[in-house]
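What follows is a pair of complexes built around chain A, which joins chain B in one and chain C in the other.
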Partner chain A sequence: MLTERELQINPIVQESVLHNTKTLTTLHNLTASLFGVGAGILGLESYLGFVFYLIFSLITSALVYAFRVRPGIVKEYFRSSIELWTGGLFEGLSGFVLTWTLFYGLVRA
Partner chain B sequence: MTWISKSVTGLGLLLLTHACYSAHEHSALHSTSTASLSSMASHTAVASTVASLPIDISIETVVAVFVICLGLVLGTPELRPIQWRVWAGKIEREGEKGFTNSDGNVDKDYVGNPFRMLESRPGFIDIRKQRKEFAEWVREGGGTAGASKS
Partner chain C sequence: MAQIPVQTIHRDPQLFYWILIPITVVMILTGILRHYATVLMATTPKKQELPAIREQRSLLRGINLRTNANAISPVSFQARKDYLVNAYEKGDFLKEPDKKGQAAPNPMTDPAAMEGMMGMMKGNMAMMIPQTLIMGWINAFFSGFVMIKLPFPLTIKFKSMLQAGVATRDMDPQWMSSISWYVLCIFGLQSVFNYLLGSDNAASQMAQQMGQMGPGAGAQMFGPGVDPDKQFQAEAENLSVLAQEYTLVGVEERLLETVRV
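Moving on, here comes the complex of A and B:
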């Protein structure tokens, strides 16, 4: 965590932090429902579905890391790298379960 | 950049739709075949109603999800630097050009130069220098303009 002294030396722009977080959360919400569709088509059940979600969320974060954050300088866009890798992981979970059950039911009607 | 992301997402959606339809058809076919089988032989176990998908449909689904994911990531707006010095330097260097979205419009939350207030402080105007410049302008340009008019 940043101390107050470091914040005074290197001030942080709140609008940019908000913009980055919002971009990441929107992306994770969109992709989570998409992963739900995929898991429903594959017919995954119980833990396998959540593992599927976890793996693909990490892949999404890796793609963001590769294409949007130029590799090596996570600190320029996020306060910590944890924020990049786990941000939006839990917001998307409800959307994932929703589309997962929907498509599971639709495909195996 | 934006047409790339849109076409990649569209391709992925097409693949996903096809995979979904194939999976649905497979399950429908399988259930009818098992139903006919179980009606023929009443003692056969109908435990495996949910058969595992063929491997090609699984692969197509995973590839489709990955492709859509790639397209969505390519379509996200650029991230902004959060450190004040990097951010202000970017604004100084690029101006509005660095904060345009994919449609070519400037973002709504673009605030402009953060040091705008410092650069136009009325207390720091050199009023004597400006008066001298104005006097010179009157003596040279302003005078001829007035003479030509009259």
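Moving on, here comes the complex of A and C:
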């Protein structure tokens, strides 16, 4: 944890953190809907579908981590690396359930 | 153990074209309409008188000085602090200096405060009216149809919620009626609106309810019923107890540490 003095010397700009979080949220929302389409077309049921969502959103986070957040400096852009890995997981879930149900119903009708 | 056979219900594919897709499309369009209605109904801030603006801005100036105190040298901080604290305590910046010390007026009688409340009412109306209308529309036209099956199992408790209007005792709770598809749309369309309208949209009911829980700090600060004199006194106190530490102290050593010889 940074001390107050170090925070003054290397300040975290609130706007930039907000912008990063917003961009990540948009990405997660969009991909969650697309994962729902995938899960619905594959006809996954119960746990399999949620595991599918979990794995694929973690893969998304891993891609962001690998290509956008250079390893080692993740702290400068997010408050903690937990935020990067789990941040979008719950926001996307409702969108995932919606498209999953829709496409499952359309395909298996 | 005997396996419970999976229920299959043969549904007319026309159900999709005439119920599922219309509900979804209507939900999306309502969200877009609500977004633009909110944008159009947003009243431009009323032009304020010079003393009122001065009162707000000078308070903001104190707050800004407090947050950025470490960026200026001790001498200039001291000068600014002395000026501001003195002026705050004497009440130089007050809108009505002669009313200092009196109780704040009743917010109900203040016309400026009524304006703010009207704005809040409009926001609530934009949320309530479409919700009521669509609920009534779905209940009137589509109640009692079994539409779609959830891809994950649920306990029997959800039966009354998901199968509202379908009174079949032995049906699996996974089957959903049209009204529960509507509920699912309310929760799940956030990402669609994010994609269509940008992330600051006013389309989603969920976002509106979140916004009501944590009211903005800016609205609170100059809200009705708050005595500006008390705010000035509090800000003067905050400024005078602030321990300022100049960021550039010892910058030479820090710079030299980064240089490898």
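The rule is simple: the second predicted complex is superposed on the first by the 99 of 109 C-alpha atoms of A that agree within 3 Å, B and C clash if a C-alpha of one lies under 4 Å from a C-alpha of the other, contacts with A are read in each partner's own complex, and residues count from 1 in each chain.
In this text, contacts are C-beta pairs under 8 Å (C-beta built on N, C-alpha and C of every residue); 3 or more make two chains touch, one makes a residue touch a chain.
Note that the structure is predicted; figures quoted are calculated from it, not measured.
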{"item": "Partners on chain A (chain B, chain C) - clash or fit", "value": "fit"}
{"item": "Contacts of A:S94 with chain B and chain C, given as first, second, both or neither", "value": "second"}
{"item": "Touched partner set for A:F56, first chain B, second chain C, both or neither", "value": "first"}
{"item": "Chain B versus chain C as contact partner of A:R108, first or second or both or neither", "value": "both"}
{"item": "First (chain B), second (chain C), both or neither touched by A:S33", "value": "second"}
{"item": "Touching partner for A:L44 - first (chain B), second (chain C), both, neither", "value": "second"}
{"item": "Contacts of A:N20 with chain B and chain C, given as first, second, both or neither", "value": "first"}
{"item": "Three-chain overlay, closest Cα atoms of chain B and chain C, distance in Å", "value": "7"}
{"item": "Overlapping contact positions on chain A, where the chain C interface meets the chain B interface", "value": "26, 30, 106, 108-109"}
{"item": "Residues of chain B touching chain A in the complex", "value": "16, 19-20, 23-24, 27-28, 50, 52-53, 57-58, 61-62, 64-66, 68-70, 72-74, 76-87, 109, 111"}
{"item": "For the chain A and chain B complex, residues of the former touching the latter", "value": "10-13, 15-17, 19-20, 23, 26-27, 30-31, 34-35, 37-38, 41-43, 56, 59-60, 63-64, 67-69, 76-79, 103, 106-109"}
{"item": "Chain C to chain A touching residues, read off their complex", "value": "11, 13, 16, 20, 24, 70, 147-153, 176, 184-185, 187-192, 194-195, 199, 245, 247, 254"}
{"item": "Footprint of chain C on chain A - complex, ascending", "value": "5, 8-9, 22, 25-26, 29-30, 32-33, 39-40, 44-47, 49-50, 91-92, 94-102, 104-106, 108-109"}
